[in-house]
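Two complexes are shown next, each including chain A; its partner changes from chain B in the first to chain C in the second.
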Partner chain A sequence: MSRITPRVMGGLAILLALLLVAPALLGGYGLSVLILVLYFAYVGQAWNIMMGFAGQLSLGHALYAGLGGYMAAGLYFHYGIGPWAGMFVGVAAAVAAAAVVGYLGFRFSLAGVYFALLTIAFAEFTRIGFDNWPWTGESGGMFLRVERGVTDVANLRGGPVLFYYVILFLAVAAFVLCRLLLESRLGRYWLAIREDAEAAQAVGVPVLKCKMLAVTISAALTALAGVWNAFYYNNLFPETAFAMGRSIEITLAPIIGGLGTLFGPFVGAVVLTGLGEIFTAVGDKLDIPGIKQVFYGLALLVIVMYRPAGIWPWLAARLGIK
Partner chain B sequence: MSQDFLLSLAQAVSKGLLTGMVYGLMALGLSVIFGVMRVVNFAHGEMMVVGMYLAWMAFDALQVPPTLSLPLVAVLFFVIGYLLQRTLIQPFITRPEHQQFLLLLAVGTLLANACLAIAGPDSRTIMLDSQFDSYELGPLVLDAVRVHAAVVAFAIAALLWLFFTRTRTGKSIRAAADNHMGALVVGLDVRRLYAITFGVGAACVGAAGALMITIIPVTPFLASEYTLLAFVIVIVGGLGSLSGALLGGLLIGVSEAVAGLLLQPSLKSMFSFGLLIVVLLLRPQGLLGRKEAR
Partner chain C sequence: MTGARLELAGLSKDFRGLRAVHDVGFTVPAGAIHALIGPNGAGKTTIFNMIAGVHVPTAGTVSLDGRKISGLRPDKVCDAGVGRTFQIVRPFRGLSVLENVTIGALHRRPHLPDARHAAEAILQRLGLADRRHQPAESLTLPDRKRLEVARALATEPKLLLLDEVMAGLRPTEVDVMVAFLRELNAQTGLTILLIEHVMRAVMALAAHVVVVSYGEKIAEGTPAEITRHQAVLDVYLGEEEVA
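Now for the complex of A and B:
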């Protein structure tokens, strides 16, 4: 792990200061885009712990985001319990699910594609379950009440600025946490497991325990993103909350940005959200359904062909960092 | 149990077997590609949907029946699959799984949305006279189109088996799958074999698409569902095993049909994913797969 040099530190401080004052500088549209960037940066950071650090490919992270969102939103919807309390239930549910998926997968030594398929299967299984569970409103969805102009921080009700600062806090906290994790003994163990699990086991790394920590920490952080997501959008459908598309969307920013790097998820989120907004605008102009996604697919193709290790490692070399 | 119930159960099972045969052909494509070059085709369902659309377009614009368009679609898919492997996928063969995943995800996104851009979001179907025909087998009534589709799917699978066991190219592909280094040492052109394999896999899924359009309507949004379905089938049957893919297809076809009869339609695929989890944990090589180091 590279030292954070004064130059990088200065850059980060300027970036953070800009992000802190951004709501005052940006209009509604700009803020909504920045919110998306921070959301994908945060949830990508969470996913990156599992895949980028510990090398376990999960394509079912929608399971944890969905559980977090549904638990917190359901408690608020049915019993009026606010998300600051509900998020603990959401995180607990996600951690429990992650523990089951992780334990089964690692204990039966599924790796690579097989493990990824197991994570997909659990997410799909849960999606169908929630589709038929009356408490969640089933496939008809769950809707949170929106009162215009009311800001109620205790129940996480309010406008975009409130949600902006919450997701900014989460993104910064996750960045710092990941930095600390990488510097810790656990972080070293993860990297050892990612590079060669058998060798790590042979030199006494508690492989199963470390992998379990990776999947549960990653799930807990992802569940918080789910809670935030549910209260920001005020609606939840099993069809989208647990969809494979949602899981895939979580993986894109860290892969595009640079797997296993601290800055990768943020860089990936900036690039992908930016491209997404441009393609949406072009798509609206052309008025052809699906054309936005065609461009998006092309962009992904070009990036993965020419920067398979991600944008950040290349960018960092260009900027003379590392 | 009443007579009526048993009859409708038998009816559902036979319908599931026939549809499952087409599922099996679709999954064969995925299995062949994975079995030989260890690449998971995340664009598989998207390719299936493209096959369905091509057969629909041939019928809708040129009145070409699926019987005629099927071989054309299969040949076209072979060529495209061959070129796709040569240009895009070959450099990724030795790269980490997440990069292969992203590459094929991008290809799939392109394909499904190209369909959406060209044919629109409405569901498309073709009207055949045979859709009103049926065969009677004792008390069972079988839809003629399903019977035809299943027979053709089985015939293609049989051809594929002949290709892999009787032809020099097919045997070389199996050799390259068994021992990559060994194949290189004895002078096989592994890159060409890989490209042929991807072409063959693509032809299977294209043909399956041309058959499927005779049974159900197509929309671009079916794509990811088919990708998942193909994954479930090949894992249950055994990734890389040809007979396993067919068996998996039949199993999933029947389970879907029976679940649709007994449970709510929305619970239909829960059984499939439950089965996937059990097989992954207890028999990750699949029902008919060979044990290997993973």
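Now for the complex of A and C:
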């Protein structure tokens, strides 16, 4: 277990201070990149609870983000209910969906890829459902009105700086929450289940209950990311909100950064977003269509080949932490 | 920790028509050490799995201190006071030795520091204290066996089920484990039921032996009685064929 020593604490304090003043130091482009980093760090942290801690592979997390986003955006769009209230509905919807997916999967002991297939199936048929549900605007999408220069915190309307601070808060809160969870009985029970569910049950771990808690907590946090996402981008389409690609991109930061580690999702998000931006720039220079994706894919391949446990465990060892 | 009385009555288990265990009944008094022996495939581990809640018996009951525990989930059986080891060791491989035992201790001590403290004490007793920060997967087989016992004990059971914890140990290591279990039993009154092929350990530990073959109980008695029992000799040495 990573111990949070005074040295690490100091490093974290400096990092947090820098993040707090970042909007004053960075231009519009820099801030938008940092927003992406924090978004992927946050949503990766949420997914990591299920896979990294409890060992349950979900490849359908777009379901929870999509439900969160659609519920909050729909309530605002149709009834003018702001996202601070709407997020509760979004979270409730995601938790309900997660409870169904989790119960079906865990009660009937679907493991590994079979469970993963179930998560994909739920995201897919929710996508098809939303494509045909008039309340969501169907496949034509749902658009939130954009008012330039207006900052309305109550309705989460405003510029990038507002969204930056919201996602920063979420990322920090998720980090602290995961740390607390990991250092609790529930967290240790998750690790035991990840390592060997049958042995865990023999030492008194209520396996089904712990797995259900993992999937619902993970879904609730992911739904908040969805709410943030919907209000940041101001548009939602079933085709993208519940897409397989969306689910996959949620998983990348923790996998690259280090599954089951607290710092992994953040480190992974920095590396992935950084590489993404560099390859976009290189692609623009070279003017070869699709070259960005090729570079990006190769980079992921190289990282996973040489650091299969992720970048963070290796980095932590080099920094002498742990 | 005090011991509980284990009672098996008319216990049977069929796996899709394959009869693994048939009408097995015996009692282990509180604080006693009993052994369950028999050839490979006799149904010993199936009996353990029915006690531990992994299998629901097709017929019959398991009760602990008079309370029926058969049919309960394994974690509920653990709540009731049954600790078990696995024949093929199943440590939480990626976690440290200390974490492995701490997870067992969390069962009765919800706070992590308390559980860790209790786990440290158990590791000390089992001679694993100096390896507590090693990952469990790096342990040698004898140490993994000890880790199984440590993790089960951390749940503070009233009945400890040991499934071949001596297998693969050298004779001197067997003696160390025997001495530990005997001392544990004397100090705490913990009831122990062991499946064992290492007769040296069975003879040294068990006051009473139950023999199963082809899923049925064929004999029970003191170790001395068992070694003279004709049915047992037949099973182990083979019946004389009449040509």
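Everything that follows uses one rule, which is that the second predicted complex is superposed on the first by the 322 of 322 C-alpha atoms of A that agree within 3 Å, B and C clash if a C-alpha of one lies under 4 Å from a C-alpha of the other, contacts with A are read in each partner's own complex, and residues count from 1 in each chain.
Here, contacts are C-beta pairs under 8 Å (C-beta built on N, C-alpha and C of every residue); 3 or more make two chains touch, one makes a residue touch a chain.
Just so it is clear, the model here is predicted, and its values are computed rather than measured.
The superposed arrangement places chain B and chain C next to each other on chain A without a clash. By the touch criterion defined above, A:293 lies against chain B but remains apart from chain C after alignment on the C-alpha atoms of chain A.
In the superposed pair of complexes, A:305 makes contact with chain B only, with no contact to chain C. In the overlay built on the shared chain, the residue A:248 is in contact with chain B alone; chain C does not reach it.
Of the two partner chains placed around the shared chain by superposition, chain C is the only one that A:202 touches, whereas chain B remains out of contact. In the superposed model, A:104 lies in contact with chain B only, and not with chain C.
By the touch criterion defined above, A:57 lies against chain B but remains apart from chain C after alignment on the C-alpha atoms of chain A. Judged by the touch definition given at the top, the superposed model places A:30 against neither chain B nor chain C. Seen from the Cα centre of chain A, chain B and chain C lie 80° apart once the structures are superposed, a value rounded to the nearest 10.
Set side by side, chain B and chain C differ in how many residues of chain A they touch, and the one touching more is B. Once chain A of one complex is fitted onto chain A of the other, the partner contacts of A:188 are limited to chain C, with no touch recorded for chain B. Annotation: superposed on chain A, chain B and chain C show a minimal Cα-Cα gap of 12 Å.
Shared contact residues of chain A with chain B and chain C: none. Per the touch definition, chain B reaches chain A in the complex via residues 40, 88, 91-92, 95, 97-99, 101-103, 105-110, 112-117, 120-121, 220, 224, 228, 231-232, 235, 264, 266-267, 269-270, 273-274, 276-277, 280-282, 284, 294. Of all residues in chain A, those touching chain C in their complex are 1, 183-185, 188-189, 191-192, 194-196, 198-207. By the touch criterion given at the top, residues 51, 57, 59, 104, 108-114, 116-118, 120-122, 124-125, 128-129, 131-132, 139, 244-245, 248, 251-252, 255-256, 259, 288-294, 296-298, 300-301, 304-305, 308 of chain A touch chain B in their complex. Put simply, chain C touches chain A in their complex at residues 52, 54, 73-75, 78-79, 83-84, 86, 90-95, 99, 102-104, 106-107, 110-112, 115, 151-152, 154-155.
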